[in-house]
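First the structure, in the form of structure tokens, and then the observations on it.
Naming follows writing order (A, B, C and D), and every chain is counted from residue 1.
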Amino acid sequence: MEALLEQLVVGLSIGSILLLVALGLTFTFGQMGVINMAHGEFIMAGAYTTYVLQELLGAENITAAFLLSLPIALVVAGLMGLLLEATLIKRLYGRPLDTLLVTWGVALILQQVARDVFGAQNVAVASPAWLDGGTELFGIDLPYNRLFIFALAMAVTVAAWVVVGKLKQGRRMRAVMQNRQLAAASGIGTASVDRRTFFLGSGLAGIAGVALTQLGSVGPALGTYYIIDAFLVVIVGGLGQLRGAVIAAFSLGIINSLSEYWTQASLAKVIVFVCIIVFLQFRPQGIFATESRGLA
Amino acid sequence: MSTREKGGRFWLLAILALCLSAFVAVGCGSDSKDEASSTSASASSDSGDTIKVGILHSLSGTMAISEVSVRDSELLAIEEINKNGGVLGKQIEPVIEDGASDWPTFAEKAQKLISQDQVAATFGGWTSASRKAMLPVFEKNKALLYYPVQYEGLESSPYIFYTGATTNQQIIPALEYLQKEKGVKKLFLVGSDYVFPRTANKEIKAWAKANGMEVTGEEYAPLGSTEFSTIVNKVKASNSDAVFNTLNGDSNVAFFKQLDGAGLPSDKLPVVSVSIAEDEVRGIGADKVKGQIVAWNYYQTTPGAENEKFVKAYKAKYGKNRVTDDPIEAGYVGVKLWAAAVEKAGSTDPEKVKAASKGLTLDAPEGKVTVNGENQHITKTSRIGVINENGLIDTVWESDGPIEPDPYLKTYDWAKGLS
Amino acid sequence: MTTEPWLIDELLKIRGLEVDFDGFKAVDGVDVDVKVGEVHFLIGPNGAGKTTVIDCITGMTKPTGGSVLFDETELRGKKENEIVKLGVGRTFQTASVFEALTVEDNLDLAASFRMSTLKLLRRRRGTSETVTKALESTGLEDVRAKPAGTLSHGQKQWLEIGMLLCQDPKLLLLDEPVAGMSPEERTRTGELIRLVAESCTVLCVEHDMDFLRRFADRVTVMDEGKVIKANATVAEVQADERIQEIYIGKGRGIEEVSA
Amino acid sequence: MATAMKALGPTREQLLARVGFAVSALLLLVVAPAFLSDFRLGLLAKFLCFAIIAVGIAIAWGNGGMLVLGQGLFFGLGGYCMAMYLKLAEAGSVGLPDFMVWSGRETLPAFWKPFEHAWFAVGAAVIVPVIFAALLGTLIFRSRVRGPYFAILTQALAAAFVILLVGQQAITGGTNGLTNITTFFGLDLADPGDQRVLYFLAAISLGVVYLIARQLLNSRYGKLLIAVRDAEDRVRFLGYSATRVKVIAFATAAGMAGLAGALFVPIVGIISPAMLGIVPSIEMVVWVAVGGRASLAGAIAGAIAVNWAKSSLSEEFPSGWLYFQGALFIAVVAFAPMGIAGAVAWARDRILERTGRKQPGPTTTATAEGTS
């Protein structure tokens, strides 16, 4: 029983990481129909941002560097996204498969750039002292870094929800997503809305990257470990659906942790995939259907 | 299908034909001179002013992290030899190829080095998979490969020299250390999901069974994984005395962090790692692995004049912040061993080099090493070390002199039936 | 509800049709009868649920309630392609043709719809009689070898109708066949539909009153998911003030819609 | 009417196409073996295997609109089927492949048993991928998963397959894969002469695959496939099962990838999970995109050209190659979506216009929606 509870906690923890890496995609993929394979590299960029800040601020300011890197990574990754949107993706709206291929080329280049700038060797990012170690609750270990990521994921999700649901900017984003022509006709500058959406989605990837520095070391291939999982979360959750992404991320996390407990880590991945295929048999549109008939 | 499209096919086929012609032309151009002399690779390789050798490591892809440093040490060794007049009075000319972390590419490039560049020997490889991919290429061409990394044993190709440790020079001493010095009775096995950890763990289980140690669990994580919560939970539930860790480089950070988060720091639960060397510590961050136990045959801190010279030269060439470690040293030793054998044989002919290598000894940075003529591994001193706060490793235990290599564990009763 | 003689041999009988989009009733208890051989019009303001009714007949939308009887067969729960094979064809609001294929290939594919997969793997040799006839009736003979993507809007609509002609359906569902067409194109489309109607029954969704006047046998009027007038003549519809009000209430007069 | 069309016989263009095919065949079967060194010919043989995969992708993606990002999976299934037989044939008296011995397995797993028979292994190399693709395709297409969703699912599938292979070292060879394959139906793979035989086998297989694919695309079914790509609903409302149309193309592409895998194993002597994962699978699509996604000849040219460039460029600039590959891909997909084939068609049209042999007009091949 305790083991089960423990695995549920692990599942929530995996889920919060999945949510964090997938959140940006719910904007770029879900709302704009852009399959950005370079999303993983924006995550990587966020992680390297933390590393660079630590190098700049020195060993005595680790906490400051880490906290500062959250907004800075948002801007860095966001600007990279903006650049990508303005140069390439703009030309490819309505050709989702081509965005996938083009951004994969971008991902290749970004990885090699990271390798040439920071070295093929992984780099070490130090953790603030308050994130080391953990606490225990009802006999279950709760590492601080996991708690932090969980809290961060929740905070970012709420922030994204507020932006999309409550702010004027968010309403415009939804309007463009649902009917581009109509939105354009009613005076919304769709091009600028696209840019902002892409900035936001890419920036969220940067934040995810900062969080990931607390789990492992940072290397050029960091993003590739997460990209597929992130897309699966969005597909299962339903396009452009924040609540869908939340439910999907945690469900996949829990399925993963439970099957890993009863089998092995390698098999768990396969089991999760089988679950997704079966799930899509019943709900091809994801947990929540989109209001738009677009993309598919 | 409109007529215009039919025409399109012709044009495309024409382009295809052009591509092919270009391919043929380029192929002929670069091969024509080799064709004539391709009867014996070795005969022609020392006929010019230089002797070509191949350096084949992953310079791109995931394995570049580890292999680039080994390439560097091999180049250093070649430079040193050339400064002292080369071999057989000729300069050594390295031909560098990229294995791109892809095993068939290793096989392809190995073939290219042998048949196009006609190298006298090749130094390269890191993963077992890349070695297994290259093995048939070297055997069928009767060419030499020097492989610089510790591995899982159970292999001894007549055309490969193994300058890294086999299991009885690294893993078994580590197990003995755990049992005798640390009093470990229950051991948990954690590894990355590939060949070395799985085969090594099979040997560990056989050893444990024979020596009264209990293996409480065996878990594998996909390569590159940073998710160890479940494995850590299993480790914790098993009440083990120690963990034997065969995780690959970048997974270690996550694993150690999560052990720490679960209240199992290194002083409470010792972890012995066999895949973390100084170069990996540099990427992981010394603070995260400080105090962890590792098992290798060489550390940057290993005493001796040869090593002082080596470390100095390596840092002088590649920068102060670079470190040397076991595979880096083994790559260096490989080049030196080959050069010594060529001098002794008076030829670069692989068969003569093989014959001359039998019993050849060398004062290596790790101490005196001797080539075992039978299995072409080298004798190695086993050293257990602890990572310090500078990211270097302090030796805490050392075997009594070099251990004879025994890749098939023939001299161990408990290993019967393993191979 | 009635026993009038012209209602007896209905080809299509829709009863109590309901479609619920997440709580929004797009179609709410609709009954429609289409008699063999007639040209039946389904009209109503935007959002009345006309296209949804068509979608339900053809299996594109799954109704949440009611029944769709075609020639005594229940269509609900059947797949799109099965419904087509029973003899129900449809067009789309924006003409849907295969733009990369030639006009002739478009028609040929439509004509081959009962072919076995194995036969489909053979190459097409020459032009079948059905296709030749369809080329003639749609007046697309001159452009037969052109990719359909290069056709004008009107030509695409005719091609789509021509494709359905090749399938020899019993019931043809047309979704706004003349929207966005020039007056001449409308006339030609009308003639084409008249030709079609000789051999099959037509259910047509359309706004254009002039078009309706010229070709409709009977009319069913919908508003907000409900039928407000069933099986009326064109004159009855034009005389009905309630229908006028609905259109005016939506901001435009019934004649205006045709503009 | 029909007879009238037939009586015209092959057009000038058709004749040219046949000449082109003959010239290519001549180059591949006579010129290349005569002038290339054993090493280069071996490489070319490998590229021809890749070209077979590319033909399949051109069918499924270029003509059917299904972006298959998991072809590595089918390539691997074919390769493993063949390699299992070859390993067993070599295991000889021990009866166990080498890696099983060192992984501590004492008996042959049941699913390995049938692979003792050559005919089973050869058949399975093509049929297993076909069956697997047909099943998977039916499940995916039936629930109307398409476009990017389909692409990402196939990609995830390839990733899951690799993880599975790696995790079951004792029965699959793990990360190492199945290596050290030295004979192939009595051929000694170390012998250059026997390697040549394999080269001819690959070249002829490619020719056969090309002809099959061409027949498929020129048939009504081929038109239907393009129809499904451009207007799936319309196809369904013409009374066809769009699912079946797509499954056939997907399974054909899988079968071709399987065949390529089966040929690849004896040519290269190794099959390992590293060649089946996400990155190699995307690279396969790269070849086709560069060559021209909807064109069979373009796909073949793309596969050979890209791999040839990779092989020679990566010899010179190991890290530069990745930049080049990335840039090439961006440039082709974003700015020349029809690849080499599209560029060729465009250039040809311009030349024909100049010389006045053709009326200016819209080119059909220069757009993303172009045809074969």
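Note that a residue touches a chain if its C-beta (ideal position, glycine included) is under 8 Å from a C-beta of that chain, and two chains touch if they have at least 3 such contacts.
Nothing here was measured: the structure is a model prediction, and the numbers come from that model.
Engineer: Which chain lies the greatest distance away from subunit B when centres are computed from Cα atoms alone?
Structural biologist: With centres defined by C-alpha atoms, farthest from subunit B sits C.
Engineer: State the pair of chains with the top count of C-beta pairs in contact.
Structural biologist: More C-beta pairs are in contact between B-D than between any other chains.
Engineer: Identify the chain whose mean C-alpha position lies nearest to the mean of all protein C-alpha atoms shown.
Structural biologist: D
Engineer: Could you grab the centroid distance between subunit B and subunit D? Build each centroid from C-alpha atoms only and quote it in angstrom.
Structural biologist: 34
Engineer: Report the inter-centroid distance (CA atoms only) between subunit A and subunit B in whole Å.
Structural biologist: 36
Engineer: Between subunit C and subunit D, what distance separates the C-alpha centroids? Give it in angstrom.
Structural biologist: 43
Engineer: Which residues of subunit A are in contact with two or more other chains?
Structural biologist: Counting only residues that touch two or more other chains, subunit A contributes 112, 115, 264, 266, 269.
Engineer: Residues of subunit D touching 2+ other chains?
Structural biologist: Residues 163, 166-167, 218, 319, 322, 364, 371.
Engineer: Hunt down the residues of subunit B that sit against at least two other chains at once, touch-wise.
Structural biologist: 2, 59-60, 193, 220, 222
Engineer: Mind listing the subunit A positions that touch subunit B in their complex?
Structural biologist: 3, 6-7, 10, 13-14, 17, 112, 115, 120-127, 132-134, 136, 141, 143-146, 212, 214-217, 219, 221, 225, 257, 260-261, 264-266, 269
Engineer: So in the complex, which bits of subunit D are touching subunit A?
Structural biologist: Residue positions touching the partner: 65, 67, 69, 136, 139-140, 142-149, 151-153, 155-157, 159-160, 163-164, 166-167, 278, 282, 285-286, 289, 319, 322-323, 325-330, 333-334, 337, 368.
Engineer: Residue numbers of subunit D touching subunit B in their complex, please.
Structural biologist: Where subunit D meets subunit B, its residues are 11, 13-14, 16-17, 19-21, 23-24, 27-28, 31-32, 35-44, 46, 101-104, 163, 166-167, 169, 174-177, 179-182, 189-190, 218, 268-270, 272, 274-275, 292, 295-298, 300-301, 304-305, 308, 311-312, 314-315, 318-319, 321-322, 340-341, 344-345, 348, 358, 364-365, 371-372.
Engineer: For subunit B, which residues count as touching subunit D in their complex?
Structural biologist: Within the complex, subunit B contacts subunit D at residues 1-17, 19-21, 23-24, 26-28, 31, 34-35, 38, 59-60, 97-98, 100-104, 107-108, 111-112, 115-116, 127-129, 132-133, 135-137, 140-141, 152, 154, 193-195, 198-199, 202, 220, 222-223, 418-419.
Engineer: Would you mind writing out the residues of subunit C in touch with subunit D in their complex?
Structural biologist: 58, 60, 79-81, 84-85, 89-90, 92, 96-101, 105, 108-110, 112-115, 117, 119-129, 132, 147, 149-150, 163, 167
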